[in-house]
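Heads up, the next two complexes both have chain A, just with different partners, chain B and then chain C.
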Partner chain A sequence: MSISAATKAATDALAANRAPVSVNAQEVHRWLQSFTWDFEKNRTKYPTKYKMANETKEQFKLIAKEYARMESVKDERQFGSLQDVLTRVDAGNRVHPKWNETMKVVSNFLEVGEYNAIAATGMLWDSASAPEQKNGYLAQVLDEIRHTNQCGYVNYYFTKHGQDPAGHNDARRTRTIGPLWKGMKRVFSDGFISGDAVECSINLQLVGEACFTNPLIVAVTEWAAANGDEITPTVFLSIETDELRHMANGYQTVVSIANDEAASKYLNTDLNNAFWTQQKYFTPVLGMAFEYGSHFKVEPWVKTWNRWVYEDWGGIWIGRLGKYGVESPRSLRDAKKDAYWAHHDLFLIAYALWPTGFFRLTLPTAQEAEWFEANYPGWYDHYGKIYDEWRARGCEDPASGFLPLQWFMENNHQIYIDRVSQVPFCPTLSKGASTLRVHEWNGKKHSFSDEWGERQWLTEPERYECQNIWEQYEGRELSEVIAELHGVRSDGKTLIAQPHTNKDGKLWTLDDLKRIDCVFKDPLKAL
Partner chain B sequence: MANKIHDNSIRDEWTQKIGALNTLAKGVEALDTFRHQYTTPFRNSYDLELDWGWIELKLEEKVALLKHKEFNDQQFLNQTAYGADAQKEADTVIAKMAATTDKYEAERIHIGFRLKFKPPIMPVNVFQDTDRILGTKLMELRNIGYYDLPLAELRKVRGVRVITG
Partner chain C sequence: MSIQIQQGKRGLTDPDTARVILDAIPAEALDSQRKMNYFVKPRGRRLSEYEVLTVYAQPTPDWIPGGLDWGDWTQKFHGGRPSWGNETTELHSTDWHKHRDPAKRWHAPYVKDKAEEWRYTDRFLLAYSEEGQVRSIDPFWRDEILNLYLGAYIFNEYGLFNAHSAPSRDTLGDTLRFSIAMIGFDKVDNAQMFQMERVFLSKLAPGFPESTDAPKAEWTKGSIFKGAREAVQDIWQATYDWNESIWSAHIVYDALFGQFVRREFFLRVASHFGDTLTPFFINQTQLYFSQTKGITSDIFFEEGLANDAEFGDYNRRILRAWTDKWLPRTTRALQDFLGIYAKLPVIAGVTDKVSVEQALNRVFDDWKIDFADKVSYKFDKAAIIKTVLQGMK
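Up next, the complex of A and B:
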C-alpha cells in the first residue's frame, strides 16, 4: 500500500471512529448533575429562612474548562488593549482631570464590592443543595475573583500611566476617615455577606447586580468615554459580560425557593429591605459621581435611573419573577423621589467634607451650572448660590483659610449620619426626601433619614452597631485626624484630597487645615 | 485632646489589666463581665464605645491562650471555658428558642447566647452551628408581619425615646 493510500485509510477510519481526544462540555455538565444527593436536612454553615430546592437548574451550564477558555480570551483582549494600544496613545493622560478623580472612587469601591461578592457566592454555594445551582454559584465565585483583580488593575493602570496617582494607589489606608467608605461597606460588605444567605443573594444578585450594575458598570462606561477615558470601558464592559450570569444566578435563587412556603412569608420583605439598602447609597452616590465628577455630561441621572432602575428592573425584571410571588419593592416609589435631588444634596455635603476624602472634588463651572439648571430647574437657587458663595470666599485656595464645612456651622446647618445607611444628610438643606428622626435607646442616640431605614433599625438594631465620623472623632481637630489616619501624600504633609483639579492651583497641606482649627462635633450631643 | 484611635491610654490600661490575668477562671470572669458591661445594644455603658472591639479581642485572645494551657484535647472540643458540657448548654438554649414565638424574646435569647458563649468560651464546633439555628429562628420571627405595626407603635414596642421625628 502506498503511503498516501495508508494515510487515507487511517483518516477514513478516524472519521468513522473518532478518537476520544476530549470530553464534550455538556457531557461533563450532565455528569455533574448526577451528584444530586438527597439530603435529609440541608445542613449549611449559614442561617437562612428558606429551603433551596434540590433539583434547581442553572442556565449557563458552564464547566471549569469552558469557563477558563472563555475568560482567557476576554482577558487577552482587555489586557492587550491596555498594555499596547492604550499605553501607546497615552490614554491615561487624555482623561479629563475631573473624571480621573471619579475613577478613584468608582474602581476602588467596586473592588470592595467584588471582593465581598467572592465571599457571598461562596456562602451561596454552601447553602444550595442542587449540584447545578452550586455549579452556577461556583462560576460566579471565579468571576468575582476576576473582577476584584480587574478593579484593582484599573487603579494600578491610572496610577502608573495617568495623572495625579494619589488616591488611585492605596485608597484603603484612608478608609476610616470619610463617611463615603462606611456607606459603601454597608451595601457592598454587610449587605452581601451578613444575615440570611438568601437575603444576601437578593442583595447581591437580585438588586446589586440585576438592578444597579447597569447604571454602575454600563452607564459609567458612557460617562467615562465622554470624558476621554478609554481605560474604564475596556475593563468594565469586560466585567459586565459576566454580570448576566450573576443576574441569572439571582433569578435561579428565587426559582429554587419558589415552592417553599417560606418564600411567600419572607421574600418580599427581604427584597424591599435589600432594595432600600442598595438604593439608599447607590442612588445619590452614582448620581453624584456621574454629574459632579465629570465635565462632559451624558444625560441627567434621573433619566438613567428611571430607565434602568424603575422601568427595566422594577417593572420588567421583577415582573418576570411575578409568577413566583415576587412583587416590586414597596419602597420603589420613594426611591424614585430620591433619584431627582438626593445626589445634589449629597454633593453639597461631600464638598463640605472634602478633606476627609481620597480624591479631588471640583465645584461646578459656570457651563456645568447651566446644564444643572436646565435639567433640574430650581438647582441654582438652592445649590448654585451656595457654591458661588463658597467660591467667592476662596474655598479652593489654601491661603483663604476657608472650609465649606465652616459655612455649615456658621449657618447652623447640622450634618447628621443615617445610622442604617451611613449616608450623611443635612435636614435643613435637603431638597430630597430626607427627614430627621432621632431616637434614644439604652442610653445611645441614633439618627435616621427615612421611614424604611428606621424600620430596619427598629427591627434589628444590633445589625447597625457602629460609630460614625462625628462619634468617632468628637472633640478632635481635623488635621490631626487626617494625619493619624494616613490621609496625606508621600511628602507627609500634602493632603490626598483637594477641593479643585486645577493643575496650577495650590495644594492644601496639614498646616493649612490646622490654621483653621476645625474641630469635630457630634450634632446628636446637642439634642 | 481626645484619644487617638489606635494607640491610646484606654487601650494601654486594658493591656495591663489583661496581662495580669493568669488563670482561666479569672480570664473567663473578666471577659464575661466586660461583654455585659460594654458590648451589644443591651450594654450597660457606652464609655468604651471607641475601644470595646479592640479590648474584647485582646481579652478573647488571652482566654484562648489560658484555655489552651489548662484544657486537654477532650475538654477543648467538648467543654465551655466554664467547664460545663458545651453541647448540653447549646441544647438548652436551642430548646428555649424553639419554644418561643415572640421576636423580642428570641432576640434576647440570641444576643444572650452570644454574650455568654461567643468563642473562646464555647468551642467553635458547637457554637457556630448553634448560632446558625438560633439565628434562623430569630430571622423567621422578625420577618413575619414585618409591616404590621405602624412606625409609632413599633417605636413604642422597641422602647425608644423619640427626640425628634
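Up next, the complex of A and C:
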C-alpha cells in the first residue's frame, strides 16, 4: 500500500485545487478504440467476403449518454409540436384525402425499412472489429428503433386525429394483402439483413439511405406540406437528422474495406445489384405515391429522381467514393429510363388491384390528366384513355360490378410478378422497359421483367424463390382473401380499400366484391 | 386553382390551397376505430403507447409463431438460409411478440431517462470536484484497485455489450428486439461510465492514469479476471443461440458474477476506503441491472418462455441445461475474482472471509429467488460458495 511520490504530490495539491470539473463525451470516446482485445474465438457470426479494417474510425463520436441527450432534445421538439400546436389546429384532419391515404402506405412501409435496419445494423455491429466502427453501427441500431417508433407514430396520429383511421390503424396487419408488400420486403426488409454483411451495408447505407432516403424522407415532406400534411414533415425531418449519421456509417464501411483485395473484385457488382434492387421498387412506387397519391403537385417525379438519384447520389456521392474504387452503377442508365414511365405503369396495375390495398386509390381527375400530359407527353394516349374507359364502366361505383382487373383479363393483359424484385408488371401494357422473361427452376416457372434482376436470379436462384401473391391466392375468390386477411373496416363488411376518395361516393363492401366472383389465377400456369 | 403548387405554399396555411383541401374532406370520419393496433392483445387493461408503437413492427410470416405475414422471405442469405428462422434458437414460443418491457420503454422514454442520468452525472461531477471529495479516497484504493481492477471491469462490460449484437439481429420479435438492443446499450454505457470515472480521477488526481493500457493488461493477462474473461469471450463469440446469449449473459453470469463484483465488492468496499465516487457510478449500473432484470424476467419467466402454454416444460429443460453449462464458468470467474481480497487489508466486517461468504450468500440467495427457482433449477449453494471461497488466498 505504498503511495508513490507523484500520487502524494497530487493528493496534496488537491487541498488547494477544488475547481469544478466534469468529463465531456469526447474525453471518454477517445478511449473507445482500446475497449476491445484479441482472443482466439473473436470472429463475427455473419461472415463477409470483405475484410473490415481493425482501426476504422467513426465520424460522429458519440457515447451512450450523449447520444441519448441529443435524441431526447430532438424528441422534445417533435412530440411537442405534434401533441401541442398541431393537435390544437386540428392538423391531422386538414390533410387532403388523397394524401391521407398515401401516408398509410409511406409511413408504414418506411417503418418496415427502419425496423429491419435495426437488425441490419445489429449484424454490422457484430461484423465490424473496430470498436469505433461498432459504436457507429450501435448508434444506428438505436436510431432505427427511434425511426420505427416515429413512423408508427405517424400512423398512430392519423388514426387518432385523421379523417379515415382505417388502414392507418391496422397497417401492420393489412399491408400483407396486396401486390406492393412483397417488393417492399425485398428492398427494405430482407435486402438489408440477409446476405454478406457488407453487401447488406451497401444495400442499407450506401444505397437505401444515401440514395433513396432523400427522395423518400425529404421530398415526401414537400409533397406532404403541399397537401396540408404538417405531421409528416415534423416527424420525417427529425428522422432525416439521424440519416446523416447512417450515410457516414455507409461511407466508413467502404473506407474499412477499401484496402481489401476483395473490394476491387466484388464491390462494384454488389453496389450495382443493390442499386438495381432498390431502384426497381422505389423508382415506380415513390413516383406513384407522389404523383397519384396527391392532389397538389410539387414537381414531376422524373425531375426529383434526376436531382436526388442521378446527380446527387450517382454523381456527387458515389464520386466521393471514387478514390476507393467505387464506380457509378452500370444499371444507373437503365434506371434513369425507368424514372420516366415505370410509376405510371405500376399505378395502372395497383389501381386494377385496388381491393387488395389498405388504402383508398383515386383515378386521375381531368385536371391531373392535363398535368400528367404536360409533364409526360404521350401519357393520355397510353394511360389516360384506359382510365377514361374504366371510369365510364363505373369502376368507382359498387353497383357497377366492374373491377379494372377484369378489364386486364378481358383484354388478355397478363400481370406477372418479377421474381427477384417482387414488383408486378404487365409486358403488354408497359410503356417502360419491362419485358417478360421466364425460367424454370426447382420445378416451378419464374417470371422476370429486366436483365439486371434476371442476372441476380441466374447467379443465386435459391435466394429469391419467394412465392408471389398469384401463387399464394391461386384459385381463391377475391372477397374471401380480403376477409381472411382482415381487409375490412370496423363494421366488418366495408372494405378498407376503395377505388376513390370522393367524400360523397359510395363505399364498396365484401358483398359487392363477392358478386363479381373474381378468382385469382397464376398467369405463369398458362405459359 | 392550379394543382401545381407554387414553391413554399403549404396546404395548412395557404388560404386558397387549404380551401380546396377542406372541401375534399368528409364531414364525418370514415371509420370509428381510432385505436391503432386494436387487434394487439394488451398486457395490461388497455393497450399502452409502447405496445401500439412496437408490437407487430416485425414482419415475420405466420410460420414463425405470432407472425402476421405469409409466405417465404423475398431474399435469403447466400445458399438459401432464411432472413429470420425458428432454427436460430433451441427455445420455442407460441408467440414471439408476447414479451413486454415492464417499464414500457419505446425509444423516446428510453433516451429521456438516459439523458436525465447524463445531465445529473455532469452536475454530480461538478459538485463532487468543487467540494474536493476526492481527497477522502485512500490513494492505494484509488491507484491500485480502481485503476487496475475497476478499469479491467470495463472490458467485462464491453464484452457483454457485444454479446447483444447477434441477438439484436436474430431475435424473432419486435418487443424482444427493442429490449435486447436497449439492455445491450446499457452495458456499453456501463463500460463508458467506468472510463468516465477514470478520466475524471485523472483530472482531479494528477498522475492517475486515464489510459486503459494497464487495466487492459490486467484483464487480458492477469489472474483476477481470468475466469471472467474466458466466460465473457464465450458468451460474446462462442454462443450462437440468441436466447442462450441473453440467458448466459444476464440470468447466469451477470446476475452472479456482475452482482458480486459491482454490489458486493466495489459498492460495499469503496466506502471503507473513503471512495464516494465509485458508488455513484455503480449505482447507475445497478439501476440498469434492475431494469434489465425486469426485461429478462419477462422474456424468460412471468408470461415468457419458461411458462409458455405449449412449450413451457420443454423450455424449462433447455434453460436448466444452459444453466448447467454456464454456472460452472461463472463459479470459476467468481473464484478467480476472490483473489482480489489478497491485495486488500483484512477489514473485519468488510473484507474478511466471513464477510465475503455473507456477500456470496446474498448474491446466490437473490439468484435463487429471482432466477433459479423460476425454472426449478436446483443447485448446492453451500458447495458452490465453498468452491468460490477457495479463490481467497
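In this text, the second predicted complex is superposed on the first by the 496 of 527 C-alpha atoms of A that agree within 3 Å, B and C clash if a C-alpha of one lies under 4 Å from a C-alpha of the other, contacts with A are read in each partner's own complex, and residues count from 1 in each chain.
The rule is short, and it goes like this: contacts are C-beta pairs under 8 Å (C-beta built on N, C-alpha and C of every residue); 3 or more make two chains touch, one makes a residue touch a chain.
What you see is a predicted model, and the numbers here were worked out from it, not measured in a lab.
Chemist: Clash or fit: chain B against chain C, after overlaying the two structures on chain A?
Modeler: These partners fit in the superposed model.
Chemist: What's your read, chain B or chain C touching more residues of chain A?
Modeler: Larger number of chain A residues touched: C.
Chemist: Calculate the angle at chain A, using C-alpha centres, between the directions toward chain B and chain C; round to the nearest 10 degrees.
Modeler: For this superposition the angle at chain A equals 70 degrees.
Chemist: In the superposed arrangement, which partner chain does A:442 touch: chain B (first), chain C (second), both, or neither?
Modeler: First partner only.
Chemist: Looking at A:527 after the superposition, I want to know if it touches chain B, chain C, both of them or none. Which is it: first, second, both, neither?
Modeler: Only chain B is touched by A:527; chain C is not.
Chemist: With the two complexes superposed on chain A, say which partner A:476 touches: chain B (first), chain C (second), both, or neither.
Modeler: first
Chemist: Taking the superposition on A as described, I'd like to know which of chain B and chain C A:48 touches: first, second, both or neither.
Modeler: first
Chemist: For A:317, is the partner it touches chain B (first), chain C (second), both, or none of the two (neither)?
Modeler: neither
Chemist: Quick check on the superposed pair: does A:34 touch chain B, chain C, both, or neither? Answer first, second, both or neither.
Modeler: A:34 contacts chain C only, not chain B.
Chemist: With the two complexes superposed on chain A, say which partner A:452 touches: chain B (first), chain C (second), both, or neither.
Modeler: neither
Chemist: Figure out whether A:359 sits in contact with chain B (first) or chain C (second), or with both, or with neither.
Modeler: Touch partners of A:359: none, neither chain B nor chain C.
Chemist: So, A:308: does it touch chain B (first), chain C (second), both, or neither?
Modeler: In the superposition, A:308 contacts neither chain B nor chain C.
Chemist: Check the superposed model and tell me the shortest C-alpha distance between chain B and chain C, rounded to whole Å.
Modeler: Between chain B and chain C, the minimum C-alpha distance equals 5 Å.
Chemist: Shared contact residues on chain A, chain B side and chain C side combined as an intersection?
Modeler: Of chain A, residues 45-46, 176, 195-196, 460, 462, 465, 467, 472 contact chain B in one complex and chain C in the other.
Chemist: What does chain B use to touch chain A in their complex?
Modeler: Per the stated touch rule, the residues are 1-2, 4-6, 40-43, 45-46, 49-50, 107, 111, 128, 131-133, 135-136, 139-140, 142-144, 146-147, 151, 154-155, 158-165.
Chemist: Please output the residues of chain A touching chain B within their complex, sorted ascending.
Modeler: On the chain A side, the touching residues are 44-49, 176, 195-196, 199, 262, 265-266, 269-270, 330, 435-445, 448, 451, 454-455, 458-462, 465, 467, 471-476, 480, 484-485, 527.
Chemist: In the complex formed with chain A, which residues of chain C make contact?
Modeler: These residues of chain C touch chain A: 3-5, 9-12, 17-18, 20-22, 24-27, 29-39, 49, 52-54, 56-59, 68-84, 106-108, 110-115, 117-119, 121-122, 125-127, 129-132, 134-135, 139-140, 142-144, 154-155, 158, 162, 165-170, 174, 177-178, 181-182, 184-186, 188-189, 191-193, 195-196, 199-200, 203-208, 210-213, 216, 219-220, 229, 233-234, 236-238, 240, 345.
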